[in-house]
C-alpha cells in the first residue's frame, strides 16, 4: 500500500521539498519526495521492529511544495512560510528533501516558534563551510548558516566522516556520540536533520555525494530510535535521496523505511 | 566456465521456472534462471569454502520450463508435473525462480511423494496472507497456500523481517532460529525454499521487493551449510532474483554463488 | 505543469490501468500510467499543432484502478465495471495501459452501451492469436477475443508489421489504410485502441516488444488527427508504454504528448 | 583521438560552462562539456561532409569555467567576464553548455562588443517567458531576457515546436525559415545559439526536456552549414546536452559531431 | 519463440564469435551473439516483408566459439578453422560478431575455398587504416588486412560516412551505390560483411562507435534484399552489436530482425 | 575539487593505464583512471582518518598512457618503459588500472631497479593460472607471470577467496594474514598491487568479476594503512575499477577514496 497517500489529516505533517539547485557534484535530490512515496508501495505499514502499524499513527502527507529552481532565496521563503504555518498550529513538520539547503528554510520557521531549540544533525558531511564556490547559500554551508541563527552551541552532529580542513575546528566542537546527545538536549525542543548520506553507500548509493565508510541501516535506525524516544522532537527532515542515481531503487526503499520507522517512533505511544 | 551448462545427467536437477505474473511491486523474476546461468561464467567451479569442485558433483541442468503468463494455474500445473517426474525417479529437484509462487507447484508434487515432509522457508517476507489484492494465488500468499496442504506445524521460517499485521500471529508460531530447526526437522525429509530477498539489499538489490535490514552473504551461506549438512534435503528452490533491477550484475553473481555452494553442500561427501 | 493532475471534472475520463501480468517478453507496462503523468510535467499545455490549450479541454484524470496481478479475470472485471460507469454517464473513457489486454475489459463495457460499434486498432502486432502459450487471455490474443464479442468485420487494423503465420489470413481481412477507415466507419460510434509500439522503436523504445520498422511520431499524430476529427469516437485507449525499458525517459514523453494531442483532438471544437 | 584536447591556441575558443541550476524538469546539463570532450574520442578529425580536417582548423579548447550552483547571477558574471576577454581579443567564443541560461551571460558580453548584432536561436522551445516559477533568470526565460538587451527584432528562431500560450504572440514575430534568415541577417555580425533539443529525441534523447517531433541530424547539420557559410558569425553556443539521461552515449556523440562540423564550417576556407 | 535455438541441422550455419579485444572506444561486442539469440524471443518466425517463415528455412545455430581475449591471433585461428570446416562442406557460414576483426578470420577461410570472391562491406567506418594505435590487427584495420589477401579491387563498400584522412583515397576507390554493386559482382561468389553501425544511432545505439547520420532500418533491409536476392552469397557476417550500451534492448531486436530477414532472403525460394 | 588535477610535480606519480583487452567476463576497466579522477571531485582533499590533507602531499598526476588494444605485448612494453623512467628518477609509481595485467608491465620495470623486491597482492582472485583460454598473458595469469620473474617466495597474497582447483596448491603457499606480512617483508622494498575486487561487491560492484563475500571498505583501508605505514613501499597500483558497471558511481568514489588515503599514507610524515 502507498502509505504516504493514505492520510488526510494528522499531527505529523509530511511535506515534500523537491529542490536541488545548489547540488555541486550530482543533482537529482529534487526527485526524492516522489520516490519515497512510490517506494512506500513496496513496504508494509506494519513495523516489526516497533510492533506498531503506520495506520494507527496520527500523520498526513501534504504533498509537495512547488519550488522555483535557480536562486535559492525564493524557494527558502516558500519553505519558511509553509513550515511556519504547520508549527503555528502546534503540528510537527516532517519535510522530505530535496537537497540539504531546504533545512535552512525549515529552521528559519522553527527557531521563531521554539525557544531553546536544539538541532541534531546526522550526516556524512559537516556542511559547515562559510562559502562554497562563492555562494553563501549551498548544501555545503547549510549548517553554518543555521548556526548563525541559533548558535553553534545549540547544534550537535552525528556520523560526520568528511570535512574540508577549514571545517575541522568547528566540527570538533559539535561532533558527538548519540548517547551524549540525549543528556545534552534533555527536555529542550529538538529538530532532527537527517541527511541520508550518513549511511554507507553500499546500502544508500542514491545520493549526490556518497562517502564510503558510513553506518549501516540498522545503526541508523537504532540511533534514530534512541533520539526520537528520549527527546522532545518538534520537527524532523530527511534529505538528499537522489533516486535516479540508484537504478536498483533500493535507496528509495531505504528512505521510505526510515520515514516509516520515524513516523511511528515520533508518535506518542 | 558456464558451470550450469556442463552436466547432462545427475541426481540433483536444476530446473528453471521463468514466471513472475503475480509480482506486485516490480516484475522481472522471470529473467532469474537465465541470469544465474550467465553469471556462473564469472565464477570458478571450485569452492574454497568447501574445498570441493562442482565438476565432481552429481547434478544436471534441465533448462527452463516454458510457462504461460497470466493466470498462474496452468503454470503451476506444468511445474507440478515436471517436479513430480523428477522426484518419482528419486532425484532431487533444484528449481530456480521466477517468483516465489513457483514453490507452490513444486510442493504440490513433493508432498505427494514424501510423508512427513518439513519445509524450511528463508525469506524477508512471511508470505502468509490469505488473499492479496483479491487473489488466492500470489507471491504474497504462497506459504499460506502451502500450509493448507501440509499444515503450519510442518513449516519453519528464517530471516523474516516484514509482515502485514494480519500475518503476525501465524508468523510468531513458525519463525525460528536455524539451530532450533535442525532439532525440529531431525531426520524428516526436508524441502528448502530460499527467497534471496532474505539478503540485505546492499548485496542483493536485484529483487522485486527489497527490504532493508537483511542478513549478509556470509550469514546466508553459513545458515544454508548448517541446514544442508545436517538434514535430509529432498528438494530446494532459490527464487526472486530479478536481474535487470541490478544493472551491476552483482545480484546474479550472488545467486549463482549461492547455487554453487548449495549444489556442493547438498551432495553426499 | 502536471496537466493530468489539474482537472477534477470532465467529459473525457483518463483512467490508469496498471496491469501487465500476461506480458511475455518483457513486463513493465504496469508503470505506464504513472510515467505518463510524470512526463506531462515536461510538456506545455498548449499544442502548437492544434493551436489549442489543454486547459480549455473538458477532461479529468480519475487516477489509477487498483488491479490484482496474476489471473487476469478479476482485473478485467474491475476494468469492465469502471468503464461501464463512465460510459453509462455519457462520458468518454480514455484508459491508459498497462498491457494491451486491458482493452478487452474496456470493450466488454463499451460494446454493451453502443450499438454498431467499430474498433480501430493501431499496433505493430496483430494480436489475433487464438491461444498464446496455452492461455486464452493474453496481450497476444486480445483482438481475437474482442472479435468474438463484436465480429471481425467491425474491426480495422493500422500499422501492423508483425504476425504469426496463423494470424496472416485474419489480418489480411482487416488491415487497412487510414483513409479507407474513415469511409468504413462513417458515422458509427468508434473505439480507438492505440498500442504505442506502432511507433518505430527509435522514438519509442520503452515498450515490451519493440518491432523495428515502425511509423514516425509525426505520422502517428497525423493518423490520429484524421481519425479523431472525422469520426465519432466514444472511447480511446493508449497502451504498452513500459517506461523503465527506456531510461532516457523519451518514451514516456512521447506517450504524454500523444495523450495531450488526443485529448484536444477528441474535444468538440 | 580526443580532438578537443589537441589544440592550445586558436581563433575559435571552446569554453565549457557546466551549469544547470535552473533546469526544471531534469537536471544534468552540467555534465555536457565533459561528455562532448569524451565523445570526441570516438570520432575522426576528418569530416567527409566538408572534406576537411579539424587538425587544420584554428581553434582551441580553453577547458571549463568553474561556476557556482544556486543563484545564477554569480555564474552569469563569470561567464560574461570570460567571454568578454575572448571577444575583446577578436576571437570567436564557442561556449558549450550547460543549460540554456548560459547564453545570457555570453550575450551580455558580446552585445557590448558588436553593434547591430543579430541572434539566431535554434531550439525546440521558445524560451520567451517573462517569469518561470517566479524566477526572472531561467532556461525558460533566457531569450526574453536577451531580447530586453538587444530587442526582439534582432532575434530569429528556428525549429521551435513548443510554446506556452503566453509565448505564442512573441514567437510568431520571430519564428522563421532558415532561408529567410540569411537575407535578414545579411552582413551583420551574428551569434548562433543552438539548443540541441531542436533535434528529434530519437537521435538526441539526452536532454532535460525532450520534445517529440523534431528535426533529423542531417537537417540540423544542413541548416547550420547554410548559416555558418553565409553569415558573419562572431560567436556560437551549443547547449542542453545532459549526457547521463542517455545511457547509450549517442547524444554525446551527436553533440561532438555537431561541434566538429561547426568548428570546420566556422573557419574561413 | 527463440528461433535461433530451434534448428539442429541446416545449410546456413549461424556461429557466434564473442570477441572484442581490439575495440577502442567502448567494448561489449562480445555479448552480441547471446543478445541476438535472446532478442529473437520477441520476434515472430514469420516475415511479413517476405511472406515466408523462418521455420521453413534450412539453417542451424552452431552456438558460440570459445575465443580467448587479448592477442587476437589465437582467436582468429580458431575462427578460420571453424569457418573452413563449414565452407568445406558446401555450407554457408553466417557468423555473428563480436567486433569487426572477426571478419578477417572468416575471410582467411573463405578466400581459400572460393576463387574470384567479391566482398561487399556495409559499415559506417571504412576500416582501411594500415595501423591503429600501433596494432596491425584491429577493428579499424580489418578491411585493409582483408584487401591484402584479396586485393582492393575485389571489395566494395556501402554506407561509409567516417574516414580518417589517410583512408580517403582508398575509400574513394571502393565506395559504391548498391545498384552498381550488383553489376560489379555479377555471378561471382560474394561474402557480405555487415557492420550494424551503418544504421543511424537512433535505431541502433548499441554499438561501440555510433556515427550520427546513418541509414534507416528500412533502407538497410532493402539494400540487403537487393544484394541477397541478386547475388551468389557464400557467406555473410553481422557484427558490432554491443547490447549493453543500449539498455532499452532495441538494438538487439534490430540485429535479430536483420538476421531473420537475411536467413530467409539467403535461402533459395 | 578535482584533486588529481591539481599537482604538476611530485614524488608519487599517478599514471593512468586504460587497458582491458584480456578481460574475460566483462570489460570496462579501461575507463577506470578517468572515473577515479572525476570521482575525486566529490571528495574533500582532507582525510579525517589521517588528519592530513592531500594538498600537502608530494604527488602528481601524469595523466594516462595511450595504450593499444588487442595483443597485450605492445601495451606492456609502453607500461614498462614509462614506469622505468619514473623509478629511475627515484620516484614512486602509482599506476591506476585498467585490468590487472598492467601490473606485469609495471613489475617488469620495478624488479630491474630494486633488489630483493617483495610483492603484496590484495585481490579476490589468485590470478595464478599458467594459461587462461590458451593465453599466457591474461588478467587471470598475471601473478603467475610475475612469479616467474621474481619467484613465488617473494609474493604474498591477501584476501583471495576464489581459486581454480589448479591454483589451490600455489595459493596455499603464499596466502597470508596482513600482520604476518609486515614481518615477512621487513625492510625490503615492497610493491603493492591492489585489485579492488578484494572489496565486497556491496560496496564495490563496478568491477569485471565481482566475488561475493569480500572485505569491507573499512577493513581494506586499515589493511592498507598497516602495510603502507610499516613497510618501505616503492610502488603501488590500484586496478580493476570498471566504472560503467556501477551506474550509481559509488565504485568510482570508493576507488578515489582508496587512492586519496594511500597517497597520504605513502607520504613520509
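A, B, C, D, E and F label the chains in the order they appear, each numbered from 1.
The definition used in the following text is that a contact is a pair of C-beta atoms (placed from the backbone, for glycine too) under 8 Å apart; a residue touches a chain by one contact, two chains touch by 3 or more.
Everything numeric here is computed off the predicted structure, so don't read it as measured data.
Asks: Greatest Cα-centroid separation from chain D: which chain?
Replies: B
Asks: Could you say what rotation angle superposes chain C on its sequence twin chain E, using C-alpha positions and rounding to the nearest 5°?
Replies: Answer in degrees: 120, to the nearest 5.
Asks: If you average the Cα atoms of chain B and of chain E to get two centres, how far apart are those centres in Å?
Replies: Centre separation, chain B to chain E: 42 Å.
Asks: Can you check how far apart chain A and chain E are, centre to centre, with Cα atoms defining each centre and the answer in Å?
Replies: 55
Asks: Identify all positions of chain D at which a residue touches two or more other chains, and write them in rising order.
Replies: 200, 202-203, 247
Asks: Chain C touches which residues of chain E in the complex?
Replies: 41-46, 48, 53, 200, 202-203, 217-218, 221, 247-250, 253-254, 257
Asks: In the complex, go through chain D and note every residue touching chain A.
Replies: It comes out as residues 20-24, 27-28, 30, 66-74, 132-135, 137-138.
Asks: Give the list of chain C residues in touch with chain E in this complex.
Replies: Residues of chain C touching chain E: 25-26, 161-165, 168, 200-203, 205-206, 209-213, 245-247.
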